[in-house]
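A quick write-up on the structure given underneath.
Note that the chains are named A, B and C in the order they appear, and that numbering of residues resets to 1 at the start of each chain.
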Amino acid sequence: MTSNNIQLDNNGRLKHFLTTEGLNKNLLLNILDHAESFAGVGDRAVKKVPLLRGKTIVNLFFEPSTRTRTTFELAAKRLSADVLNINIAQSATSKGESLQDTLRTLEAMHCDMFVVRHGSSGAAHFMAKHVSPRIRIINAGDGNHAHPTQAMLDMFTIRHHKKDFSRLKVAIVGDIMHSRVARSEIHALTTLGVNEVRVIAPLTLLPARVETLGVHVFHELEAGLEDVDVVIMLRLQRERMRSALLPSEQEYFHNYGLTEKRLQVAKDDAIVMHPGPINRGVEIDTHVADGERSVILQQVSHGIAVRMAVMAMSMGSLVDKQEEKT
Amino acid sequence: MTSNNIQLDNNGRLKHFLTTEGLNKNLLLNILDHAESFAGVGDRAVKKVPLLRGKTIVNLFFEPSTRTRTTFELAAKRLSADVLNINIAQSATSKGESLQDTLRTLEAMHCDMFVVRHGSSGAAHFMAKHVSPRIRIINAGDGNHAHPTQAMLDMFTIRHHKKDFSRLKVAIVGDIMHSRVARSEIHALTTLGVNEVRVIAPLTLLPARVETLGVHVFHELEAGLEDVDVVIMLRLQRERMRSALLPSEQEYFHNYGLTEKRLQVAKDDAIVMHPGPINRGVEIDTHVADGERSVILQQVSHGIAVRMAVMAMSMGSLVDKQEEKT
Amino acid sequence: MTSNNIQLDNNGRLKHFLTTEGLNKNLLLNILDHAESFAGVGDRAVKKVPLLRGKTIVNLFFEPSTRTRTTFELAAKRLSADVLNINIAQSATSKGESLQDTLRTLEAMHCDMFVVRHGSSGAAHFMAKHVSPRIRIINAGDGNHAHPTQAMLDMFTIRHHKKDFSRLKVAIVGDIMHSRVARSEIHALTTLGVNEVRVIAPLTLLPARVETLGVHVFHELEAGLEDVDVVIMLRLQRERMRSALLPSEQEYFHNYGLTEKRLQVAKDDAIVMHPGPINRGVEIDTHVADGERSVILQQVSHGIAVRMAVMAMSMGSLVDKQEEKT
């Protein structure tokens, strides 16, 4: 099988991980299956496997993010790789070096993988296109475009609780327009064959023609939550208020904040997810965040396993799990 | 033996290390004995022992401190642990996340130990109370409250030179009121059965009712130093001048600065200690700091060994040295 | 063989690496030979050798530099050492600690090597003179004085392409006056017996009496490039414009910018080097920088190998390559 998807090699195996869009169901399931096998590593006395020993992984962060950088750093170290943290905002580019020159320089240092976070949509694709064939790129968030490891850890969490994707109703609530997480989730959920994907948001926070992504649009929280199996809350960026897209935090919470009461219309065993960090009392009530339906902290744990899986797969260090089964 | 001390497990063994207050003599001696066995690691060709291999230790610094962070990072690496440095001042909390949510998130990443420095007294206790039972907390300094590893490296240094605590006269000189180091030292010295603990400071730099801690108070340096075996100088925070608690550096040095001449009233073999970094010519004369009685640099070396001991003990990786003897 | 060169031990072996000045040809060749044996490590599946396992190497950067710090960190990690990054600009010295006290404190932590970058010429020598005999110092750039690892990676690159130094004509172009790279290169090139070393620069960017270093001075680019085998471009510090040493970037490029056309007077197989990061369109045309004569990215790769060699040699972990041959 060959592919012209820049994310795949000639055998259709994961090479870069830039977006969940355009990857087939088999490959997404493969990521989840591999993550499953790493999920136990965090509970071992020695939380390390030697899969990427002697490899150099660079966290290349053009936007600061302690949380995401930390999970990638941990995933890399538990795979026994050497990790370099480069906060590019404070470094080479301040000397006027171009992004391409920075990339080529790091390539020349025989680094194996760049985990990239960047404020511009498409930055990770740009890098994947311009790096030498030896290098792997993992997108840790680019602009409003994609955040595929976050989406896959969410898929992992959903499968963990619900087993079968095909019967699920999943609602994503909040600032869909500016959320790279939402975009990556929608692509993953539809590819994995979820029965119904809903987005719930005010008009001002929905991208134009969002229905073309295969989702049902709701503007009212109660209506949208009815009968769902999974609720994915998005973090509200407070900057949105200032830019007049939203009136106030109070009013947002009044209309779209997730409370125990509102959650009653969902299925009895519905789970509540959030990519974190949460704004208690803004997009989610504190009782829901800490309640028994919340799987928010499990998402964090699963994030390490999923990132280990993606890193090891893209480095070619793992046998294809779906192939194994056939 | 059970215990309601949050620092101990049900068998009375060290679980968290938050303060020297309330720990019994046996346990403090245990720390010193274990540190003794680590003291040689720094001189080996391969400065590593595999005790904490595959464990994840997080340096969680809400106050910046290169020196203390460095010693903990070195101690952790020499125990073969993986280390994450998180400077929280510049990170997640800037996104409005609460301390508890940050803790839970790091827990969910299967971290094993948090080394915490915080500007607020009680922060380390708060964390120890709220983390999951799997996690260990080491206090690297909280507000004006405690800095127990600094105190224990000082105890190690004193024992190294003086062997027996019971006959010693120890003087602590300087800003007792604002010093978490002084508090932790006083508790350790009295628990270890030192004959006499003195504090020497102007009235404005003494906490109210300091005598209740079991110390003798002196306001004049010469009187307080008479016949002592150990002099512990504290670092003078220059902010104190600005806040009008002290007139000027010159006047402070004139009254409380340690000089060769003043040291003459101490015992002939008295040692001089300081937690560093030192202000030469403010609290200590440069000849004393570099003189033959100064053990300031030995304190730094001992700091690595003591931190290795405390980390390994709290992770349950060591057999009880005192039990071994019995 | 004994030596009073602070860089050498009593057997004439490399102890500190502070400058290329005053080192003999044999020793420089030794560095290149050892680097040769490390050059393949970057291509291995496991990019690690255990030579410095259990050693502690401190990157002590008083000037920020992501690129140089990164290459030293990678070199150290590939030698299996533990690495501490200390950005001293933001740390201890902000508490008023002197450089000597910082050094002694790090020594007391049983660190083995300090890789030092400092804005003042002579800083690395100062440290080498004042550290304990156990510690090794590697100069990663001091003021306008020296940057010896950069010079040696350039020598490595030249030898890689030209084999024999003795017949070469090498031109260094740009701000010679402020360039620690140029100084270190001139010393290395003349020691290695290069046939002719040229410097090409406007009068305002040449140090007084530069001819005494054994170089030929040219003020015109075309004249200086005639018949050369190697062109080393220097980075133009933009601050020079502001300080009125140079009129403008445009005029500088007009007079000293390296273009394909100007390069025609050099030998057909001349190579083009640059320490990076490059200012495209200021000191070098983008077609030259990316052209087939450019070996700029190879320099970066060689930089890791050369730094591994220097680190391992100064730690006494390698057998003398030249001795081996005799």
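Here is the rule we use: a residue touches a chain if its C-beta (ideal position, glycine included) is under 8 Å from a C-beta of that chain, and two chains touch if they have at least 3 such contacts.
As the structure is a prediction and not an experimental result, all values here were calculated from the model.
Chemist: If chain A and chain B share one sequence, what is the angle of the rotation that overlays their CA atoms, in steps of 5 degrees?
Modeler: Rotation angle, to the nearest 5: 120 degrees.
Chemist: Would you mind working out whether chain A and chain C touch using mostly the same residue numbers, over half shared, or mostly different ones?
Modeler: Since fewer than half of the residue numbers are used by both chains, the interface counts as different.
Chemist: Take the average of all CA coordinates in chain A, do the same for chain C, and state the distance between these two points in whole angstrom.
Modeler: That gives a centre separation of 42 Å.
Chemist: Do you know which chain A residues sit against two or more other chains?
Modeler: In chain A, no residue touches at least two other chains, as defined above.
Chemist: Once bound in the complex, which stretches of chain B touch chain C?
Modeler: 42-48, 64, 66-67, 70-71, 73-74, 77-78, 238, 276-280, 297-301, 303-304
Chemist: If we count contacts the way the header does, which residues on chain B are in touch with chain A in the complex?
Modeler: Those in contact with chain A are residues 53-56, 82, 84, 86, 88, 90-92, 95-98, 101-102, 104-111.
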